[in-house]
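Next, two complexes with subunit A in common: one pairs it with subunit B, the other with subunit C.
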Partner chain A sequence: MNLVPWSLWLLIASPVCAILAVFFFVRPRKPQWSHWPILGSCALVCLAATDLTSRVYAGMVLDVPVAIWMLGGDWYLPFGFRVDGLGTAVLLMVAWVGALIQVYASGYMKHDPGFSRFVLLFHLFYLAMIGLLVSNNFVQLYLFWELVGVCSYFLIGFWYQKESARRAALQAFLANRVGDFGLMLAVLLLMAMTHGNTSFSSVFRLLPAAPTEMVTLAAFLVFWAATAKSAQFPLYFWLPDAMEGPTPVSALMHAATMVTAGIFLLVRAWPLISSIELLPQLIGWVGAATAIGAGLVACAKTDLKRVLAYSTVSHLGIMAFALGFGETAPAVFHLLTHGFFKAVLFLCVGNIAHALGKASVGVDETGGLAAKMPLTFGCFTAAALSLAGLWPFAGFYSKDSILDAAFHQGGLQAAAGVAIAFLSSFYIFRMLFLSFLGPRREQRGPGHAHEGEPVLGIPVFFLSLGAVGAGWLSGPLSRLLASGWMLRTGMSPVPDWTWNGLFASQACALAGVGAAYFLTTLRPQWDWDWRRRFPRVERLLESDFGWKPTVAAFSALVVEAAGMFSRGWDTRLWDGLVESTADWAKRGGERAASLATGQLNDYLWWMLAGTTGLLYLVLR
Partner chain B sequence: MTLSIWGVSVLLFLAGLAMVVLRRQLLAMLLGLELMINSVNIALVYTGSLWADAEALSAALLILAIAAAEVVVGLSLILKLNGAGAPVDSSGLSELKG
Partner chain C sequence: MTLGWLSLAWMLPALFGAAAMMAGARARGVALWGSGLTLSLWFVLGWTYGLEGVESLSESGPVLAWGIRYALFTDGLSWSLCGLTAFLTLLSLLSSWRLRVSAAYWACFLWLEAALMGVFLARDLFLFYVFWEATLIPMFFIIGLWGSENRRHAAMKFFLFTFFGSLFLLLGLLGLVSENHRMTGGWNWDMAALTGPDGGMGLAIFLALILGFGVKVPIVPFHAWLPDAHTEAPAAGSVMLAGVMLKMGVYGILRVAIPAFPKLAWDLLPWLGLLAAVNVIYGAICAMAQSDLKRLVAYSSVSHLGFCLLGVFSRTPEGLTGGSLQLINHGLSTGALFLLVGFLYERAHRRGLADFGDLASRAPWMTLFFSIAIFSSIGLPGLNGFVGEFMSLAGMTRVFAGLAVAGVLGVALSAAYALPAYQAVFWREPGPGSVSAQVGDLDGREKAILWALTVLMFAIGLYPKPWLEMIWSAMQGLQL
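Let's look at the complex of A and B:
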C-alpha cells in the first residue's frame, strides 16, 4: 500500500470529506456557505491531480488493486486504481476545468434557493468523474459511469419546477439508460471471460484466448454505451435538451467532461475495440455523420446554448471520427482542448444570460454586446477561434492532427474533414457576430448589460488561457500519454503535417468565418429570411433531419408494444390463473354445500358412519 | 348368563340407535339416546361385577348422573322450542342447511 502516493488518496478523500462535511454540518446551519469547503476540496484535487500528472510524466505507472469488493468462489470484484498517461491527461483537464467552473458556479448560482443542493450535486459529479478516470477495471468504471449519469439527471432537472427541465432530465436519463444497459451487458460478458477480475490489463491479456463472438459482442456493446454518453448518432438527442440545466452544468458536464467519458471509455477499451474488424471504421463513420449533421443543425439554431450543445455533439463526433483512423491520441488531445474552449464558450453565454437577467438567451435578444462586455467578448473570441481551428489557438493543433489523418486517408474521409472544418467555424462565428457585433435587435429587457462580478470573470479568463494555449503542449502530452499506454499504435498526438493539409484546414476555417461575416453583417436579412423562403429546409433542420420524430415514434412504439405484451401476459396468464383457481374453489364449495342438508338425522348418519369407520380402524 | 346380558345390552343399544337416527320427533330421539346410554350401563355394571371392579361400578354411577343431566338439558330445550311455537320435530330445524 505504501506504493500508492499521497496525492491519489487526497484525490478521492478530499471530495468525499467535503461532501460529507457540507451535507451534515454546513447545509443544515449555513447553506449559503456550502461552497467554501467544496472550493477547498477543488483546490486540493487540483494539487493532487497536478502532482499525479507530474509523477506519471516522470515515468510512474500505477495499477494497484486496493481492496476486494466482492468475493464468491473463484469470482471476485477488485477495487483499484490505475494511474497512467491517458488517465492523468484527462484527469488534469477535468480537475482544473472543473475547479474553475465550480468557482464560477459559486458566484453564478449564489442567489438560487437551491444553492447548497446544487453545490453538493456538482461536487459529487466531480468526484464521480475523477473516480471514473482512475478506475483500473470495468466494473468500477461502470459504477462511476452510472454515478456521473445520475448526477447529470439531477442537475438537468435542477430547476424541477419547470416542466421542460423535468422532461429533459427524464429524456437524458432514459437515453443514457439505453446506452448504459449495453455497457452493463459488456461488463457482464467481460466478467464471464475473466472470472470477475475485469481490470483492464487482465481483460486485454485474456483477449486473444477468449471466444470471438463474445469479444465482438462486448466491443459493440461498449461502443453502444459510448454513443449514449458521448452523444453519438443514434442516441445523441438527449444532449441538446440537457441545456435546460443551469449554465455551469452545461459547461462542465455536458460539454467539457461528462460527455467525453464515452470517448475516454473507447480509448481505454481500444485494445478490445480495435481487435474487431471494421468496428473502428464504423465508429469513424458514425462520428463523421454525427459531426456533420450536428454541425448543420447548429447553423440553424437561435438559442445560444443550443448552438453550443449541437457544437458539442459535433465535436464529440470529430473525436469519434479520429478514432475511426485508429488515431486515439489525437482524439484524446482534442478531448482536452475541447474541454477548455467549450467551457469558455458556455461560461461566456452564462455571463450574457446573467447580464440580461435570463436563464436562456436567443441570438435575437442579443447583439452589440462587445462594447458592454469586453472581457466576455475577448474570451469568447479566443475560444471561438480555438473551436474554429485557426492557428495558433489550441483547437488548431488538436483538430488539425485529426484533419491531417483524414487528409492522409483521402476520398470521403477528407471531404468529411473539410465539411467539419467549415461548419464548426461557420456556426460559431455566426453566433459571435450576431451576439457581440451586430446591432441590438430587440430593445426589451435591461439595455444596460454589463460584466458581472469578478467571480464570473476570473475563471473564464483562466479557462480561456487554456483555450488559447493548451495546443502548444502536444509534445509533453505525447510523452505523458506514452507512460502506461496499452496500445501499439496511435501514441502521439503530433501529426506529420503536410502543407496541403494545413492549407486546406485553414482555408476551410477562414471560409467559415467569411461566410458567417457575409451572412450576418453584409446580408443580415438573409439569415432571417431563409426560414420563410425554405420552410422545408427549416423543418428538416429543426427536426434534426427527421431523427427526433423518428425517435419519438419509435419510443412510443416500444412502449406500446411492451404495454400490449404485458397486458396480454397479465390478462391471459395471471388473471387466468387466479380466476380459474377461484372458480375451482367456488364450484367445489357449492358441491360440498349440498352435503349440508340441515337435517339432524342426516348428520347423525354421517356421524355413525364416521364412528364406525374409526372403530374399524382402531379394532382392525 | 353373560351371553344373554350382552345380548340384551346390544339389542337395547341398537334399538336406541335406530330411534335416534330414524325417528324425527325430538322426544323420541332423546328417549333413544337414554336407551343407548343405559344399555351401555348394563354391560358396564355386569362386567364390573364379574371382576368386582369398584372403578367400573362408580363409572356406571357417574354415567347415570350425566344421563340425568343430559335429560334435563334435552327436555328443557324441547320445552323451550315448544313454548316458542317451533316444531318439536328435527326435520323442521334446518338452519344449518348449506
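Let's look at the complex of A and C:
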C-alpha cells in the first residue's frame, strides 16, 4: 500500500470528503456557503493532479489493486488505480479546467435557488471523471463511466421545470445507456475470455489467446460505447440538446468531463482496438463524417451555445479521425487543447447570456458586443483563433499534427481534412463576427450589456492562457504520454509541424475566416437572406440531415411497440385468459352440479363405478 | 427434543403475532416489539456465533412418521434471507404506524414473518412445504382486507394462482421423496440429502419443481398474479411480497431443485436461461407501458428476478453468489420504492403517473430517496443493484454468452421505463387534476426508514465483500 503516493489518495478523498461535508453539514445550515468546501477540494485536486503528473513525467508508472470490490469463490473484481502517461495527461487538463469552471460556476449560479444541489452534483461530476481517468480495470471504469452519465442527467435536467430540459436530460441518459449496453457487454465478454481478468494490463496481454471473433465483437462494442459518450454518429444527437443545462454544465461537459471519456476509452483500449483489422479505419471514417456533418450544421445554427455544441461534436470527430490513422498522441493532444479553448468559448457565451440576463442567447439578440465587453471579446477571439487552428495558438499544434497525417494519406482523407479545417474556422468566426461586430439590421445590438463580476472574468482569462499556450507543450506531452503506454511498439510522439502542413492548414483556416468575414460583415444580411431564399436547405440542416427525425421516429416506435405488447398480449390476452379460468371453473362446476340429482339411485351407480375402478387399480 | 435458537427465530414472531391479536388497541406496539426482537435475535446470533457458528445451530427432532421430522438449519444464504425478512418486516410495520387498522393487521405481518423465517430455516422438506403454504394465509388477508379498491379480486387471484403453483410443488416434492424411497428403501425428507431419479420421471419431477417455484419467482408466463397482487396490496404488504416472498421461489430452486438434479439443471441450462432472459426483457417491456406507479415497480420486479435466475442457472461462483445477493438487493431497492409509493398514496390516495408532478420542489427528501432507490434499481454502479446484476451476467456470459446479451439489453431498457416515470412524478409541471399539492415531504419516521435502506444500498454497492463471502459459503456445493 505504501506504493501509492499521497497525491493519489488526495485526488479521490478530497472530493468525496467535500461532497459528504457539504451534504451533511453545510447544506442544512448555510446552503449559500456550499461552494467553499468544494472549491477547497478543487484546489487540492489540482495540486494532487499536478504532483502525479510530475511523478509520471519523471518516470513513475503505477498500476496497483487496492481493494476487492466483488467476489464469488475464486472469481473477484478489484478496485485499483492506474497512473500512467495517458491518464495523467488528461487528468491534468481535467483537474485544472474543471476547477476553473467550478470557480466560474460558483459565481454564475450564486442566485439560483438550487445553488447547493448544483454545486454538489457538479463536483460529483468532476469526481466521476477523475475516477475514470485513474481506474486500472474495465469494471471500475464502467462504474465512473455510468456515474458521469448520471451526473450529466441531473445537471442537464437541473432546471427541471423546463420541458426542454427534462426532455434533453432523458434523451442524454437514454442515448448513453444505448452506448453503455456496448461497454457492459464488451466488459463481460472480455472478462469471460480472459478468465475473469479485468485490469487493462492483464486483459490486453491475454487477448491474443482468445477467439478472434469474440475479441472483434468486444472491440466493436467498445467503439459503440464511445460513439455515445463522445457524441459520434449515430449516437451524437443527445449532446447538442444537452445545452438545456446551465452554461457551466455545458462548459464542463464539453471541455473536461463526459465527452472526452469516449475518446479516452478508445485510446485506453487501443491495444484492443488496433489489433482488429479495419476497426481503426472505421473509427476514422465515422469521425470524419461526424466532423464534417456537425461542422456544416454548426454553420447554420443561430443559438450561440448550439453552434458551440455542434463544434464539439465536430472536434470529437476530428479526434476520432486522428485515431483512424493510428495517431493516438495527436488525438489526445487535441483533446487537451480542445478542453481549454472550448471551455473559454462556453464561458464567454455564459458571460454574454449573463450580461443580457438570459439563459440562452441567439444571434439575433447580440451584435456589436466587442465595445461593451472587451475582456470577453479578447478571450473569445483567442479561443476562436485556437479552435480555427491558426498559428501560434494551441489549436494549431494539435490540429496540424492530425491534418498532416491526413495529407500524408492523400485522397479522400486529405479532402476530409481540408473540409474540416475550413468548416471549423468558418463557423467559429461567423459566430464571432455576428455577435461581437455589427450590430446588423436584424440584430438587437448590445443594449446595456457590460462585463460581469470578477469571478466571471478571471477563470475565463486563465483558461484562455491555456487556449493560447497549451500547444507549445507538445514535446513534454509526447514524453509524458509515452510513459506506461501498453503497446510494445510504444506510443509515437506528437509529430513536429512541417512547412507543408503549416501552409495547407493555415490556408484552409484563413479561407474560413475570410469567408466568414465576407458573409457576415461585407454582406451583413447574408445570414438571414439565405434562410429566406432556401428554406429547404435550412430545414435539412436544422434536422441534422434527417437524422434527428429518424431517431425520434424510432424511439416513438419502440415506446409504441412496448405499449402494444403490454396491453395487447400481457393484459388482454394472457391475463384475460388467466382471469377467464374462474369463469370456466364456474361453468364447469354448474355442469358438474347437474350430476347431483338428489336421487339415491344415481349416487349408488356412481359409487359402484368408483369402487370397481379402485378394485381394478389394486388388483391389476 | 429441545428447541434451539433457530426455533425461537420463527416462534418469536408467531407468539408476538398471537399477542398482538389479543392486545387490541396496543397491537401495533406489541408487533413492533416482536419484529424488533426478532431482528435483534438475528443480529445477536449472527454476531456471537459467526458464520460457521450459525451453521452449527441446526436442530433436528425425532422422526414423526414416514421419515418426516422437525429439522431446521441455516447457512450464509438462508441466514441473510432471514435477516432481510426481519429487517423488512420491521420497516413495514414502522411504515404503517399511522394507519388506522385493526389488531389483525399487525398480527398478520408477524405471522407472515414467522412463516417466512420458517421457509428459510426449514431443512425437512415437509416442514418446508408447511411453512411455504403458511405464508399464503396472512398475505391473503393482508391483500384482501387492507388493500386498495380492487383488493378482493386481487387477493383471490393471488391465492388461487400461487396455490396452483404449490400443488405442482407438492407433486414434485412427493415425487422426489417417493422416488428416493424406491431407490434407497428408506423415507427421507432431508433437502440436503435427496437426489432425484434419472430419466423421464426425473425430468417430470424437476419440471414440477421448477413450475412450483417458478410461480412464486415469478417466471414468465406464470406472473399474471403479480401485478394485481402488488398493486392492490397495502404498501407494507407490497414490500413483504416483493421484498421477501418472491425470493422464496429462487431460494427453493437453489435449495431443492438444483441440488436434487444437478445434472439435469445443467443439461437444461439453455432453456432455463432462456426463461430467465425472457423474464428480464418481458418485465422491462411491460414496465415501460404502465401508467400506475405501483404496477410499474411490480413489473420491474419481474425483470429483476430474471437477473437472479440468470446468475443462479449459470452455476458459476460469481453467478450463484451474485444472483443470490441480487435477492437481497432487490428486496432493499424495490422495498424502498414500494414504501415511497405507499407514502405518496397515503398522502394523496393516487398512484398514477399523471396524478403527480413537480414533487422535486415540494418534497425534496422524498425526491432524494426516490432517486437513489430508482438508480439502485436500474443498476447504477456504486449502488447495490449493480453488484448483483453484474455478477449474475458475468456468470452467464461465461457459460452462455448469448443469454447474457438479453440481460445487458435489460439493463439498458431499465432506464427507459424508470426515468420517464421518475420525471413524470418528480420533475414535470403538474397537469390538471394533479394532487401534488397534497403531498408534503417525509416526516422523521419516514426519513429514518428510508435512511436505513439507503445506507444499506450504498454499503452493499461499495463494499459487498462481507455479504458475498457469507453467501458464497452456502454456494460451494452448487457450482459445477
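Keep in mind that, in the parts below, the second predicted complex is superposed on the first by the 546 of 620 C-alpha atoms of A that agree within 3 Å, B and C clash if a C-alpha of one lies under 4 Å from a C-alpha of the other, contacts with A are read in each partner's own complex, and residues count from 1 in each chain.
In the analysis below, a contact is a pair of C-beta atoms (placed from the backbone, for glycine too) under 8 Å apart; a residue touches a chain by one contact, two chains touch by 3 or more.
As the structure is a computational prediction, the values presented were derived from the model and not from experiment.
Residue contacts after overlaying the shared chain place A:Trp605 against subunit B, while subunit C stays out of touching range.
Once the two complexes are overlaid on the shared chain, A:Ala419 sits clear of subunit B and of subunit C alike. In the superposition on chain A, contact is made by A:Thr597 with subunit B only, not with subunit C.
Applying the stated contact rule after C-alpha superposition, one finds that A:Ile12 touches neither subunit B nor subunit C. If you count the residues of subunit A touched by subunit B and by subunit C, you find the higher number for C.
Contacts of A:Asp180 after superposition on the shared chain: subunit C is touched, whereas subunit B is not. In the superposition on chain A, A:Phe565 contacts subunit C only, with no contact to subunit B.
When both complexes are overlaid on chain A, the residue A:Met60 reaches neither subunit B nor subunit C. Shared-chain residue A:Cys46: touches no atom of subunit B or subunit C.
Contacts of subunit A with subunit B, set against its contacts with subunit C after fitting on chain A, share not one residue. Residue ranges on subunit A touching subunit C, taken from their complex, read 68-75, 139, 142-143, 146-147, 150, 153-154, 157, 160-161, 163, 166, 169-170, 173-174, 177-178, 180-181, 184-185, 188-189, 191-192, 196, 214, 558-559, 562-563, 565-567, 570, 574-575, 578-579, 582.
Residue ranges on subunit A touching subunit B, taken from their complex, read 592-601, 604-605, 608. Contact residues on subunit C toward subunit A in their complex (touch as defined above): 157, 160-161, 221, 224-225, 227, 282, 285-286, 288-290, 316-322, 358, 360-361, 371, 375, 380-382, 386-387, 390-391, 393-395, 397-398, 401, 404-405, 408-409, 411-412, 415-416, 419-420, 423, 426-429, 462, 464-465, 468-469, 472, 475-476, 479.
Against subunit A, in their complex, subunit B makes its touches with residues 17, 20-22, 24, 29, 90-91, 93-98.
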